[in-house]
Amino acid sequence: MTLLEISDVSVHYGRIRALSGLSLTVEEGEVVTLIGANGAGKTTTMRTVSGLLPVTSGSITFEGDDITRLRADLRVVRGICQSPEGRAIFPGMTVQENLDMGCYTRKDRAAIAEDYERVFSLFPRLEERRTQVGGTMSGGEQQMLALGRALMARPRLLLLDEPSMGLAPQFIQQIFRIITEINEQGTTVLLVEQNAQQALSRAHRAYILDAGEITRTGTGAELLADPSIKDAYLGVG
Amino acid sequence: MIGNLPTVLAQGGVDWISFDIGRLVDQFWYNTVNGLAYGSIYSLVAVGYTLVYGVLKLINFAHSEVFIVGAFGAYFTFQFLGYESGGIAQAPLVETIVNLILALAVAMICSGLVALTLERVAYRPLRRKKAPRLVFLITAVGASFAIQQAIMLWRNPNPELAIQLIAPRPLFEVFGVSVTNIQLTVFLAALVLLLIADSFINRTRLGRGIRAVAQDPDTATLMGVNKERVIMLTFIIGGLLAGAAALFYIMQIPQGVVYNGGFLLGIKAFTAAVLGGIGNLRGALLGGFLLGVFENYGQSLLGGQWRDVVAFVVLIVILMFRPTGILGESLGKARV
Amino acid sequence: MSAHHFRSGTATKVPFGQRIRDWWNGLSRFHQWAIIIPVVVLVYLMPFLNFFPITTEPGTDFELALFNTARIVLIAIGLNVVVGQAGLLDLGYVGFFAIGAYVAALMTSRDSALYAEYPWLLVVVVGIAVTMVSGVIIGTPTLRLRGDYLAIVTLGFGEIVRLLADNIPALRGNVGFRNLERPPGEWSDGTRIFTQGDGIPWYWLTVTAIIAVLILVGNLERSRVGRAWVAIREDEDAAEIMGVPTFRFKVWAFVIGAAIGGLSGVLYAGQLGFVNNARFDVVTSVLFLAAVILGGSGNKVGVILGAIVIAYTPERFQVVSEYRYLIFGLALIVLMIFRPQGLLGARQRLLARGRQAYKRLVGKPEPVSTESPMKDSGKGTGA
Amino acid sequence: MTTTSGSTPEMRHHLDDPGTDQPGGLVGEVARMSAEERAEHEAEVADVVAPDRDIEVEVGETLLEMRDVTLSFGGLVALDSVSFSIRRGEILGLIGPNGAGKTTCFNAMTGVYRPSSGDVLLEGRPLGRLKKSQITRRGIARTFQNIRLFGEMTALENVVVGTDARHRTGVLGALLRLPRHHREEREGVERAMALLEFVGIADRAADKAKNLPYGYQRRLEIARALATEPKLLCLDEPAAGFNPAEKEELMGLIREIRDDGYTVLLIDHDMKLVMGVTDRLVVLEFGKKIADGRPAEVREDPSVIAAYLGVPDDDVA
Amino acid sequence: GNEEPAEGGAATNDSAAAAPDAPTDAVLPAGDGTGECEDGVSIAYIGTIAGQNAALGVAILNGVRLAVEEHNEANAGCQVTLKEFDTEGSPDRASGVVTQAINDDSILGVVGLPFSGESDAAGQSFHEAGLVTISPSATDPALSQNGWDTFFRGLGNDAQQGPAAATFIGEDLGAESVCVVNDDSSYGIGLAREVREALGDAVVCTEEVKTNQREFSAVVGTIEASGPDAVFYAGYYTEAAPFAQQLFARGLQTTLVAPDGVRDDQFVQNAVGAAEGVYLTCPCVPADGFGDFFDAFTELAGTEPSTYSAEGYDATTVLLRALDEGLSTREEVLEYVRDYDAPGLTKHFKWDEDGELTDTPVWVYQVEDGEIVRDREIG
């Protein structure tokens, strides 16, 4: 079943058009990756799906319902959660409170407790620092917190905008493992990553975004194998 | 001649300011009690400033009018209940209490409604248009002007006649100072209201939503927080508390329900909020009490005309040492 | 030709201020002057345009209304340096205005113990100097504070200035100083040029001061100093780490703002001939601020417009004097809702020389607008 | 436009022969110049980018020294008696797990935090209680892990603010537009423009910084830091948000910066970048230095592998 | 006579002195109905209308309006326009407003300004413009000492009211210790000085309050500590009302005496119970004896004449007389006023070279049952 469908969406910042007629779909249970250079419009896409940016034209459907004009917070209730670019943790709240914010819309107490366990076992640093104020954490620690917070929401569709940014190598591996893992547990993931190698190899499908438009799409493996993609996004060698 | 400057200043030095330490010591406890009672009003109003500030980063200049409308609300409730302006009522205790609670409810509702209307009319349209922060300040000022003037045109520029529901009566003494029934009621009621507000903000889910919006509205939305509702809520809470403050105000100072009567009080309350650390509810509480008390000390030490100066000097001195207020988050947000 | 992929949106409309600015920047230097000069002439001729609907009569004397408007314009330009440029929210600006007025009063009123027959120009100089010094005195301890903490502290200082005037006997409180000296000079028929009753000379004097201040402040804005202010406004920590001595520049902003406030205080006191403690309250400060923001904080032309609205409207509606502040308050709300960026938005364009450098390197003129770097460059050539 | 989609061609010409592709935009402009023109143009750019060419280029004497620096936040010791030094002309990498104290190290060097004990010495002189802006003038510039640009200013103006650190005009000079002011303004703008070109974002010079995409903002930060003419340039995760191709360009850029006479201190988690560009590595863990040496050595160091690199995994490196 | 006026609004108590009758030879605005003047001549009232202490200004303004109305009705050949300017009662506003009046060439004479502070601020401008002013109420003695040849005072000044009040406090009330409180206006400061000088050693404390002050706990505290027999408050009713309230709320046993600036029903209303028994001195003549004036005023204004209503009426009469003569320049009107010598309702008007009158009464009133009633003449 198609979980998310973006069709022919355009988005403007003032007079600038950042997305022009973008269409993509995410099927239930998939990991879909969005790849593109700086400024291609990846973050814009993510924010549009979350409802932070209004579309100028086009439509977005989620589970078959049109959510184009749905308020952002109601999209969260429907199960769309994002770990935004640049972490965006609540700087004045403690680690614990930040995680609490992740389950703002949830009511299933027992499951929440379980999720705490899981997040803490993924990122022991967060457990050590439960009472530290979020804003004083190091960059990578904040990234862990942002991811943990998104996981706490147990979304149907998880949007990850550059989740590996700022993480040390051993955590990067872990992040990708987690993505696969939660995906296997039933969460659909839309992933933006600069670490295209990893992202593509973990993704069922991928889209290449350039200048606000989709220029290529295919399975992760296909794109990985494509020399032009390799040249542009995977670096030489 | 400029040559006279020393003389002029010297004359000043001797004349215009003098430190009466004896009086400060004599009236210390009296001032403390009095200051706390006054401070409760500052605190209640300060919470409104601090909450709105926290969420919108807006100095809600019109909050003083939210307050004064509550005062009018309470005043007219008294009138409606048949109290004669002028006299001191001598109703039986139970009746008085019921009436007070009634007036409290009306005052809170009036203020709450005004706060909510303000939000809707003056601020929300701006938010929709993503106006810069300072612009809100100007609509706030505009709203403040408009409400004041509307009241003035309706009532006239003179203060309403005093109505006193309960006569001040000493209840007991602490440190040789009698505490009146009014002071005690006001202090306790304010404290209770503030504690309720505090636990609402810090303990409940909605409260957490408020704090999240305060720190990062977009991300809060990404967590499923309904930003508009949160903002509305803060205005309502602020308004309700200002309404309560308004009733307490006319209980303590029956004279003075007048169209611009909120202005100075508003500034003081805002000062209190900053003193405590703006955006921090407990800070507002602490700041209010401190300001109330220190003003009184300063008044004893230097004389009544220096009261307001003392308030601001206290503020400046404290901010010198704690640039984000007493309970303000120090640098928490400003990691480089 | 560029790697750029933006196309101008069709649906989004160009903001008014932006359109004006685009148009203006599109004009040649020659054309710009061809507009500026007649406008300046017109401004000087304003007192003779005393007819409906411009005039404020019969409510208020038109010429005095013009002077008062000009005075507020001057103040707004000064406050704009502090608020609009450096981003320091100053709610006590009226304090500097008061200090300027009191210096004039102390030096030129016979009610003052310091009275002597000083040349009026000296009064101006002393007035400005004293306000600048007080700017340093007030700024040094307070400018370490950030944002709204600064706002409330400046508000406090403004109030303290007023309350000192209240409480120091030598400053004569509510009673005030009378019969302040005015600038010298006589018409050919032997009557004084500068009197209380005739607004025209005062208006001209103030307009001239405004032009001078605009030029000087403009010089600053287009320099390292102006850049430092904006950088501080945007991110003080980052500015400091980029080598901007932020504290020093903040004090400068404060001091320059203070000087302009002081100057207008001297002018005000001179025209009115009377100074007491009554008009230096927070409300006045806030009105000054309203002028700046209403016009478009950071944009000089906008700020001038804002000040005109703030000062002129109440004078214009003096006739309906009971309702004028109600009208005024509502007008503020409505105006802001319709023009949330201010009458004219903040200035934003490349530095003059930046344009040349840009052109040389990129090979085409700098795009005029801010939002879209590649304004209307047709259909993009994206891959 | 005919460049390979996705990459940022503007940076290319700093790296290799610009003739091999047919870039558009700025590069296209440059490409259309004649050979001499181009050479001249590049010399010009390089000239403004690094005016002090006589800075020692070969790895030389100690430029900056961390001497027993300890820094703690409440109970948390973020730097625990850390000592290392940076020699003139080298590219030093500072790596370590998340929360190891790398950014804190930068903060200690640039005066954001004061060490609880120990000293930071620049050219043998302790920084002591110098203000942040003074430290910058002494010659340390940095970028920020969480980008800190002047959002409402154009990209160009952002960089010009950096050049101001070297200006001498005072308020009076600016007020009266003295000749020196004129000259400095002109030079500043030209230099800033050249720096934008150098990092490859000249065509967006007129954009507000906040409207630039993440990757451009990072480059802009580098340009701004370079504008202060630092002796030591500290880059805090400059490659975050870059794709591998872009990272490669960045490597070239960093090398070029060094070749222009700057000393570079680099924090990044991308091992390919770090190993590829640095001359030497310092590794922190829990606020302590656990290794210091040439990349090849450090890479093999078991304690570093355990603490940081994890099981060697080709996907990641 | 000693009869009460028919309306009898003001209850007289037994001890009260009789209100004076209107002098039979009093010159009234209507004159003899033969006035001739140019079209478009006007006089102005400049003073508070809607600002600070507005009630005091309005009481005067209504007197002025009445005079002009009566005049215009009787003199078909001379229709005078009354122009009203609101100074909001504050000196800093006054200067601007006065300039405007001065710039209006049709205005040949001014009634005002009512308050001393604003008169002080604006006097020089009138002097320079040669525009005659007759103040029906400003009482600061210093006003006549500035060398302004356009200043005329239509009543006694505080150099009379002050000592009279002091005598009343000391002798009639028998107070041995007095606290003198004043506000920060020229009026309050000047009057308090006169009172203190006259009281001498009886003054046990002096305090100052501010315009617009509402909270007096500090001042009241000091007064309480001194425990005076009487308190004299020199200022206006706006502050006096809350002051009185807070003074008596503390249960102080003392007598409050206040001057003309407090003598208004607004004081009684605002101070609620606290006004009861307060003595009010005033260089104003009780108007209840001026039958025709009293009635006409009551009809026009809807209230009885109050403080300085009759004085305002008298001052206007002087100017109207000048205009009836056909005088058409400010200079001529000024000259006319300077030489004026005729009785009015309240007193005889003939000014000395400073612009002061010679024979000026001071009365004391008291608040009884919420009404201000005349008590006796004290100077």
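Letters A, B, C, D and E mark the chains as written, and numbering starts fresh at 1 in each.
FYI, contacts are C-beta pairs under 8 Å (C-beta built on N, C-alpha and C of every residue); 3 or more make two chains touch, one makes a residue touch a chain.
Computed from a predicted structure; not experimentally measured.
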Among the remaining chains, which ones contact both subunit A and subunit C?
B, D
If you walk touching chains, what's the least steps from subunit B to subunit E?
1
What is the chain whose Cα centroid lies farthest from the Cα centroid of subunit C?
A
Most remote chain w.r.t. Subunit D, using mean C-alpha positions, is E
Could you name the chain whose Cα mean is nearest to the mean of all protein Cα atoms here?
C
Report the inter-centroid distance (CA atoms only) between subunit B and subunit C in whole Å.
32
Measuring from the mean C-alpha position of subunit D to the mean C-alpha position of subunit E, what distance in angstrom results?
79
Distance between the centres, which are taken as Cα means, of subunit D and subunit C, whole angstrom
40
By residue number and range, which residues of subunit C touch two or more other chains?
166, 237-238, 241, 322, 371, 382-383
Where does subunit D touch two or more other chains at once, residue-wise?
5, 8, 112, 144, 146, 148, 211
Could you check subunit E for residues that touch two or more other chains and list them?
50, 210
Where on subunit E is subunit C touching in the complex?
50, 86, 90-93, 95-96, 99-100, 102-103, 117, 120-125, 128-129, 183-186, 189, 210-211
Using the touch definition up top, name the residues of subunit C that touch subunit D in the complex.
1-4, 216, 219-220, 222-228, 230-231, 233-235, 237-246, 252, 256, 346, 348-351, 353-354, 357-358, 360-363, 366-367, 370-371, 373, 381-383
Within their complex, state which residues of subunit A touch subunit B.
50-52, 71-74, 76-77, 81-82, 84, 88-93, 97, 100-102, 104-105, 133, 135-136, 149, 153
Touching subunit E in the complex, subunit C uses residues 60-61, 64, 166, 173-176, 178-179, 195-197, 272-276, 278-279, 321-322
Inside the complex, what are the residues of subunit E that reach subunit B?
50-51, 54, 208-210, 214-219, 221, 238, 241-242, 245-246, 249, 266, 269-270, 272-273
